[in-house]
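When the chains are written out, they are named A, B, C and D in that same order, and each has its own residue count from 1.
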Amino acid sequence: MPVTEIKFYQTGTFTIGNRLLSEEERAGQSAANRANSLNCGHRACQGCGEALGARYAIDAAIRASKGQLIVANATGCLEVFSTPYPESSWQIAWMHSLFGNAAAVATGIAAAMKVKGRDDVRVLAQGGDGGTTDIGFACLSGMFERNDDVLYVCYDNEGYMNTGVQRSSATPPAARTATTPAMGSEPGNRFGQGKSIPLIAMAHQIPFVATASVANLRDLEDKIERATLMRGARYVHVHVPCPLGWGSEPSDTIKVARMAVESGLFPLFEAEYGALSAHTKIRRKVPVEEYLRLQKRFAHLFKPTTDVARVNHIQAIADRNIERFDLLN
Amino acid sequence: MFQIRIHGRGGQGVVSAAEMLSVAAFLEGKYAQAFPSFGSERTGAPVMSFCRIDDIPIRLREPVLQPDALIIQDPTLLHLPGLFDGLEPDGFVLINSSHQPAGFAAMACPPDHRLAIGASELALKHLGRPLPNAALLGAFSALSGVLHIESVLEAIREKFPGKIGDANAAAAQAAWQIVKEARMEAHATAD
Amino acid sequence: MQKPFATTLDPGSSLTNHTGTWRTERPVYVDRLPPCNNACAAGENIQGWLYYAEGGDYRRAWETLVAENPMPAIMGRICYHPCESSCNRGQLDTAVNIHAVERFLGDEAIRQGWAFKTPPSDGKNVLIIGSGPSGLSAAYHLRRLGHRVTICEAQPALGGMMRYAIPKYRLPRNILDAEIDRIVAMGVTIRLNTRIDDPVAEMKQSGFDAVYLAVGAQLAQRAYIPAGDAKRILDALSLLRAMEGPDPPQLGRRVLVYGGGNTALDAARTAKRLGATEAIVVYRRTRERMPAHDSEVREAEEEGVQFRWLSTIKKEEGGAFTVEKMQLDEKGFPQPTGEMETIDADSMVLALGQNVDLEFLAKIDGLGIEKGSVMVDQHMMTGSPGVFAGGDMVPSERSATTSIGHGKKAARNIDGWLRGRPYTPPARHPLASFEKLNTWYYSDAPKSVQPVLDEARRLSTFDEVAAGLDQSTALFEARRCLSCGNCFECDNCYGVCPDNAVIKLGAGNRFKFNYEYCKGCGLCAEECPCGAIEMIQEQA
Amino acid sequence: MLRQIEGSRAVAESVALCRPEVICAYPITPQTHIVEGLGEMVKSGQLKGCDFINVESEFAALSVAIGSSAAGARSYTATASQGLLYMAEAVYNASGLGLPIVMTIGNRAIGAPINIWNDHSDSMSMRDSGWLQLHAETNQEAADLHIQAFRLAEELSLPVMVCMDGFILTHAYERVDVPTQQQVDAYLPPFLPRQVLNPAAPLSIGAMVGPEAFMEVRYLDHCKQGQALELIPELNREFREIFGRDSGGLLRAYRAHDAETLVVALGSINGTIQETVDQLRAEGMKIGSVSLCSYRPFPVEALRKKLASAKEVVVVEKCVAVGVGGIVSMEVRNALTGLPITVSTVVAGLGGRTITRKSLRGVFHKAHVGQLPPLTFLDLNHDVVSRELDRQRDRRHSGPPAENILRDLRSPVCQ
């Protein structure tokens, strides 16, 4: 009789948990007593990817640090929807200073903990793509270069959503924003722009760099947990769809993120000291079109007829990622 | 109040010279103030520094406009316009030069208030490098009598601890010696 | 610590902000009808018992299973499992091997000697005529409903077609007996070798309040074939029935089987096992149009059974059978070609189908009969009050599974009739179609195949052909279930809610929504793997 | 202990005595020597329990300090000129969050044109940022003010700028009595933050505050500055008791009792002014001066009392509100509201222009005889500016006039 080793085939490792899995096999978020560091009553939009990603990240950091966590937050949606006077949604030691200085503020907190001999306290800085890739970039790079004992988490929703959806250096090509309208000879955001902070972070040779997505919440959790316990400068870049800014259905937030990963447009990988150390295999490859069609910000690529050239251009970007990060193996 | 203006070139220790003078004065229980002519001048450019010495606290913050003494660290500066501006009639002029520069004799100040001394040569001899300022301070002490050579030497050693300090001190001591002896001759001949 | 006004806030204070007011749609947990359950003629709650099997709780799984069908070990073997044909997993990789798990549970119950509870007998008296799957099923369910049941069986042993038409190599008798005994043990009165000629009269005499007719269809369909030597010709039912007797019939070395149903194949495979070197199935149509189940045909072919398609047998003379070639007309009906040939054979088995024996119904007034079947209303009752009928006797697909379903349905209706509260079946949940699932979350896992007995032994013995699954494989199969339309507590809704508006109630208790904070984004519904969450409009 | 040292060194020494826990350093002339000195003390081990961080910009420097201060560490940084402007956003943030950071400003002009010399344009640009601003008259006072600043900042939970004139003080060698650790410890208790980031007692610091409460927040900030007005003289008294000398306070008057003409100024220029006052007094002029140590909070009452008896007040200030005139003067006028006193502004020493006794005598004389115009630019090269103005009248064009002026200065006409 052939005996197959019992795995959980019903859902494998793809769901958050399962009544039949042991604590260790389940995602931390499946625990009935999870921290809910970002708790009910916050004012994020329906289906907000950032709210979801932030709760996962901070809960994971809380778990890893056994509650000894201090968070510095850049200005942006996350900060605005979580702490409008008189209510805060944070259940942690949390501070917001400015748009561009979260990394530096975190450095200061880490320095204070160091001189006070509190090496049990872990310091985390978080911000959106605006506060990270643009206005906060100098402070971020400085923190990396000094290898300060800070974990920086960027929630990338590919634009300035808090101010009404303007273009950031993380906005993808062809995407329509308030400052890159879908008109003219090159509608939407121009091709050949933008920057990859993860790759730039790797160039700083810091101990740990990773990308994650709300499409793979267990992976996100795992990366944050591991990163939290490392020393020195660490960076995790989390892809968080914004239904408002992307023109996607609130209920599709995770689906959209999943398409980004499965198409190769948002590769999931890890790097240690500047060298790629791991990547997540694409499970069911999809053409970028499936991803693009879910979002109104790309509607102009398909109306009145499909702009084949530019869709192919985006497909080429995905294919390059797939090759570069070997995403099919 | 005794005011000194030092002229030199960036890199010759013009500023530290003024500072050492102020320290020497401080060591003698006097009040002193030293400060550079602020600027972004780089090595080689003409620069100034100032020093004030008094028995009461010094409040004045303007640059030295009527110096009681001029220390010129480099003979090539002699042609600099305004070099002697504001020099008090009975002021002192000390110049780093192994020979009497042209027109030196014609200066307004009393003959025994002006002196040329090969400070760079002395520096070369004692430090191995042509840094004239310490030697000039020794000479200044002998020339003006405003500061005791002991306090000048101590100030030099405070500024440059260890070997370099000793070498500089030696150069200063030597310069002081030379000037003293020259002065004695002068008196001798005068008598 | 005196904290600054306004710029510094207390932690978690946003709980006072009830974002539920943002909602225009609300998520609700639902249970949908899994396609397997929907397809099961016996009305099994397949997803329901797989749910417990997944967790390795085989006892509870078995109990859930037998709540609908008392004979899982038998059904796991002989049912043609339409559940698997409709399994959503089939569209993902391969259908869950449901029948194998069912059989595993049935066998496990026998191994462990799990018994049915013996309910009180405070109800009425019900007579059941026939102890086939339908009769046994009815008896079981009526007992559960508290009625006193008597089964009258014409044959010397219980089981009907399961015993007299299904060969041992498909259904070992120890299994058959074990599951029948377990039903009988509930306190069912058995009268073997008892043929009832007038059911209504019997009711009156023996004081039965209702009768369930479940004699099946066991008259072999005859066809006029001129034959020199009549004893060379016998029908499949007699052959298969004889296999249960002391001396199996002699068929000779070359055997023809005439017909295209499962019975024909059973006959051919039996002939092989009886020593025939050649067993040839003669059928007037093509394989595609054969009523027999494909799996049966495959196994028969494996065992060397030969086929003569598009052929009819005209006559027999001294061991020579005349066969006429047929061809299908545009409607797909076989038409004679006049082209003849002869095949020599030692015997021929007729397997042309079965008819219901209607004689003993003649005296029942009001009982309607059409096309050889007994007519019943939606309550399974014939035109004669208190007289119910089911199984192969009534118009419907003729299979053991259907019969078991009829037995249950009849039992519930009989109960309703006896208690004067006509039975109304519970409303069916909407179907959990494949589109309702989010299959991303199911990891790929092709089905595990049951090991099969090797050829040699298959041909020489009546040992069971297909073996069962061992525990780990059964668990593996159970866990391949997608739990279509029914929450299996994967924690997805709890995990993906951006507003922490899902409350986890703990293992087995599922979840509930916290509508004070739920903004109605619908992420939970979208990311529920099994489609157990529905978004509904908020009422104004 | 008495020492003849550079002002920057004196400040570094006294900051070190305050036991700072986090120091952020970014170089900008003329503040640089201070952080260099502190960096050396941390490396050498002379300053223990302190993290010295070389940051990538002034914006980061103050941001790091904001983080460390919020986490309960005594935090210090120093900057000047463009650097202060570059960190402007963080400057407002630190005070808004009530973080008791102490920052030295080596006062310097702001470009364009780029200029590294001393005036007060930089700290003046932050005068409304909610920070306290103390101006040092001498290096002794600069050193002493830092010790008082930490005490003041931490008692009020407000950040403090200690302003000292770039070069004039930072680079000047003077006699300074560097306090002992015992004295400083006796005066400055360990930092007990009003609020702190602590995982054991979580708080959300830095909330977004809407129209319903923002006004109240600002009003409370305003009240805090009022509290500082009372606290500063107290701290000054305490300081005298422990250190035996007078440093800081709201303001200091010099020969003002019977003065008809009173000069008001910030920082080191007061020394030169006092010298000038002595000369003029010797010549019989009834003149005195007032040195403003606390510019934020602005000591309206105390100043009004000091100036009340004067006929005319001359404000000598190293900054200008372009298009308006004096900055300090406006506030002095405000302090003297209702009094029959003429207040005239003398903008002096911009971009490091030397302020001499000679020039001051001139304006003070004019003031005394009532001939000083409301606004004077001391030692302005009128010839140059009038030529440039003529040029501009002929041909309007944009762009910096600096080149033209430099050309004129070189041209013989103006020499």
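The criterion applied here is as follows: a contact is a pair of C-beta atoms (placed from the backbone, for glycine too) under 8 Å apart; a residue touches a chain by one contact, two chains touch by 3 or more.
All figures in this text were calculated on a predicted structure; none of them were measured in a lab.
With chains reduced to the mean position of their C-alpha atoms, the one farthest from chain B is C. Chain centres defined as mean CA positions place A nearest to the mean of all protein CA atoms.
Note on interfaces A-C and A-D: more C-beta pairs are in contact across A-C.
If you average the Cα atoms of chain A and of chain C, the two centres end up 50 Å apart. With each centre defined as the average position of its C-alpha atoms, the distance from chain B to chain C rounds to 116 Å.
As a whole-number value, the distance joining the C-alpha centres of chain A and chain B reads 67 Å.
Between the Cα centres of chain A and chain D there is a gap of 44 Å.
Across the assembly, chain A contributes 82-83, 85-86, 88, 90-92, 94 as residues in contact with two or more other chains. Among the residues of chain C, those in touch with two or more other chains are 6-7, 9-11. Pairwise chain contacts in this structure: A-C, A-D, B-D, C-D. Residues of chain C touching chain A in their complex: 6-7, 9-19, 22, 54-55, 440-443, 445, 448-449, 451, 467, 469-470, 472-473, 475-476, 479-483, 488-492, 494-501, 504, 506-508, 514, 516-517, 519-523, 525-527, 529, 535. Of all residues in chain D, those touching chain A in their complex are 21-22, 24, 49-51, 53-57, 59-60, 63-73, 75, 89-90, 93, 97, 197-199, 201-210, 212-213.
Listed in rising order, the residues of chain D touching chain C in the complex are 96-98, 157, 194-196, 201-207, 209, 213-214, 216-217, 220. Residues of chain A touching chain C in their complex: 1-20, 26-27, 29-30, 32, 36, 38-44, 46-49, 51-52, 55, 82-83, 85-92, 94, 217, 243, 249-255, 258, 284. Residues of chain D touching chain B in their complex: 2-4, 6, 29-30, 116-118, 167-168, 171-175, 268-272, 274-275, 352, 354-357.
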